[in-house]
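Lettered A, B and C in written order, each chain numbered from 1.
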Amino acid sequence: MAEKKIILEVQNLTKYFDTPKGKLHAVDGVNFSIEEGKTLGIVGESGCGKSTTGRTLLKLLEPTAGKIIFDGQDITNYRRSQMRKMRTEMQMIFQDPFSSLDPRQSIMQLISEPIKEHKLLNSKAEIEKRTLELMDIVGLARRFVNTYPHELDGGRRQRIGIARALAVNPKLIVCDEPVSALDVSIQAQILNLLKQLQRDMGLTYIFITHDLSVVKYFSDDIAVMYLGQMVEKAPSAEIFSNPTHPYTQALLSAIPIPVVGKEKPPRKLLRGEITSPVNLPDQCRFMKRCDACQECCQNSANPQLREIAPNHFVACHIAK
Amino acid sequence: MSEKNLEKTTAAAAEQEKDHILDIKDLVVHFETDEGCVKAINGLNLSVRREKTLGLVGETGAGKTTTALSILNLVPSPPGVIKGGSIVLDGKDVLQMKEKELEHMRGNEVAMIFQDPMTALNPVMTVGEQIAESVMLHENLSQKDAFERAKEMLKMVGIAESRAYDYPHQFSGGMRQRVVIAIALACRPHFLIADEPTTALDVTIQAQVLDLMKELINNNHMSMLLITHDLGVVAEVCDDVAVMYAGRIVEVGTTDEVFNATRHPYTEGLFDSLPNLKEQGEELVPIKGMMPDPMHLPEGCAFAPRCPYATEACNQSVPELRPAGGTHYVACHAYDDPNFRLRRNANG
Amino acid sequence: MNETMKATENLQEYKGRSLAQETWHRLLKNKGAVVGMIFMVLLLLLAVSGDLIYDWDTQIDYMEMGVARQAPSMEHPFGTDQLGRDVLARVLYGSRYSLIIGVGSVVLGLIVGLITGSLAGFYGGGWDQLVMRANDILYSVPNIMLAVVIVQLLGTSILSLVIALSISSATSFAKITRASVMTIRDQEYVESAYAMGLPTWKIILRHIIPNCLSPIIVQVTLSIGSNIISASSLSFLGVGVPIPTPEWGTMLAEGRQFIRSEPWMCIFPGLAIMLTVLALNLMGDGLRDALDPKLKR
């Protein structure tokens, strides 16, 4: 990875949903870009718009506004049929290994489906061979080739999901909470697998998760989202050593640390809960839960990301 | 059970009554299904000290929830069968109780909090009514007094009294779990079983709820069995910890002992699998393989097929819990060799 | 490499049971369903071979007043009716009418219900409104009344009975199809198929419809039973299959006036209706349990 090639650039990505109560700001003006072979972690709690961001940039949902530039092509206005060709380049791994696999298809059918659909291989023998290869790559024993998803456990199912995503040789994979439904020991297996695949195939990941500890292990850059907006974005090490946005700080300190008897950083408890993202006023969205909130916050508009250190962006009026 | 045995258990129970609120001995619970016998719990020994919190840690299918249900004698039957053992709670064996006594015990002495706060609440009753109902079931109070108590309980879990008139769907996930906690504590139980109480919640909300639970347990001099898969939560809340694998306890001790002087290879594997202890880029060390199928458990130690230290002896017999210093116990054949150390402990 | 060598290894080795085989296996474990199936297979054989076994003119529709209203005997195990016809022969021969009407009306209703229901479920919006409101209107009219009106309009015949009964079946099929399509449509594996780049029609055909089929298959079995009852009721009321066709309901109507003196003229066609519907319901219940692979989880 000598030259730094930007593989995905997202400008002002916005997705509103119309609800009976008003406009739901699922994603509200998100900007970022990723270099090839890197991982961007998108972190936030339920309802912050991280999953919608992932689905919108793959155009599984139509963006309300903004621009998505993938590998130099502006795909924002691509129609469905045009996007179908792009699917070999950008793929997704889903959160729930139980509902993301068609229960009526065998493992062979599931993994070979994308190969057949995009006519990557033609003869039946070649397709079968490639399917078995993919099973080897993701560490699924070949004896499962004719079984059905309900016969397998969560970890193996997630490996099927990964094999399906890899089947088309994509450049970018959006991983939407790929391990949050799995047990710790299985989680580690899947995380290691994803990391090894990235090394071997030069994959680019967008890693969506609510679990900061997972992204720390995994990501080059981390973006923290709150109520549809990015509130902080920085290289992984920087965000952990120097979290600047009050929300990031609270999020970090809320993780229970599995250490006993040694000194731990003091807990910073957030008060209240996430507010509804419907009909938001033009104000700092974290204000009501923020312990650093000052008068200037209440009187000013919604803060935008600004660079406070090289590559460290934060959207807060008071952060320095 | 023979009379002699019964005598023995009651004598033993009396002995430990002072410091243990719960004593589970040699519990075996199987589920007999059409496809075969699921061996959920296979000789479980577990004690909870008075006014202490014990964390029960394990992965999906380890038998944690079945343990909790057994304590309340609520294992769904059929297919569940309690094959043997005793569960002595506050001096009385739960498994010998009549239905009437059990009903009295559930709620009055023991309360349970489940993982999913939404399904635990009745959607057509206000939360105030639900707490009041729980109060009235166990205490002789008028409806009005019970509702007043409900409001107090809400205040105690950090919800405004005025919200007693709201319905569950008007609350967020974290708030609902607070309501569930209020219901559980409404009749002042001595012992609380919490089955993954914060797993469905966001981290910041989890932190709030854990803080609340810790405070309530301390203020009310209660004991708690906290079931979780998250070692972080254990470190945060528990005094003692028991690690469960394939229906048995493999390691038990105070959190300090288990976290800082880990003895069992499985516990070590769990720690190594955690990403948050690692620096970025370092490989995680997962436990290889999967949990054994509880229908076909291996002959010897259930963890042996996944264990990096396993020897021939491990496939022969099931290891018993053995003392490992202080209140620390471990079930592992490797300690037959007095010089055996886990890698985790080798370098300090 | 070793791997590529292995890749061509015989996949047969890993052959597991297919989903259909597994469903069949589970169905066979259900005793009620097996009894129901055996009964239905026998009935089907009778219905198909009815013309080979019986002669219409001499065995089904004839008068032999000499042996009229005889109680069951060796010669006439089910007795004879007021015209001296053998009740056993007529009951057995009559199975074909019940099956034709039951199956015919369900198939017709299924086609209409499946198409309208899946479109309503998949696309939602205005189309959904249209289909569901039309359904609500049909639902609010009693089935039997609706059928009576239609039969009156089209004239009494088996075909008009089939059409009349298919309308109420269509509404229930549309409702069930719509509901399950709507559930399946929001499943993550459908989204995953989009992410994979599959065109919509393939997703509907390959991922949505197969997963909707279980409740529909069950409903088909149960509907055949209820339509057989409806057909018999209509015949009994005199707006179904006309006399002298040995349809079970018609036979009941004919035997009604003799119910005190010669009850076998009603008992046996009535029993035939009951057993057939019971068999279908047992099959339906068995299928419901056997078809759901998620039951195990």
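Definition applied: a contact is a pair of C-beta atoms (placed from the backbone, for glycine too) under 8 Å apart; a residue touches a chain by one contact, two chains touch by 3 or more.
Being a predicted model, the structure only gives us computed values, none of them experimental.
Peer 1: Computing the C-alpha centre of each chain, which chain sits at the greatest distance from chain A?
Peer 2: Chain C.
Peer 1: State the pair of chains with the top count of C-beta pairs in contact.
Peer 2: Result: the chain pair A-B has the most contacts.
Peer 1: If you average the Cα atoms of chain B and of chain C to get two centres, how far apart are those centres in Å?
Peer 2: 51
Peer 1: Measuring from the mean C-alpha position of chain A to the mean C-alpha position of chain B, what distance in angstrom results?
Peer 2: Here the centre of chain B sits 33 Å away from the centre of chain A.
Peer 1: Can you work out the whole-Å distance between the CA centroids of chain A and chain C?
Peer 2: 49
Peer 1: Report the residues of chain A in contact with chain C in the complex, numbered from low to high.
Peer 2: Spelled out, the residues of chain A in touch with chain C are 55, 58, 60, 80-81, 83-88, 91-92, 94-96, 98-104, 106, 108, 113-114, 117-118, 125, 128-129, 132-133, 136, 142-148, 150-151, 161, 164, 168.
Peer 1: Report the residues of chain C in contact with chain A in the complex, numbered from low to high.
Peer 2: Interface residues on chain C, with respect to chain A: 3-4, 6-8, 11, 13-16, 18-19, 187-189, 191-200, 202, 207, 210-211, 293-294, 296-297.
Peer 1: Hey, which residues of chain A end up touching chain B in the complex?
Peer 2: 45-46, 153-156, 183-189, 191-192, 195, 210-214, 216-219, 236-237, 250-251, 253-261, 267, 269-270, 273-274
Peer 1: Note which residues of chain B are touching chain A in the complex, please.
Peer 2: That would be residues 59-60, 172-175, 202-208, 210-211, 229-236, 255-256, 259-260, 269-278, 280-288, 290-291 of chain B.
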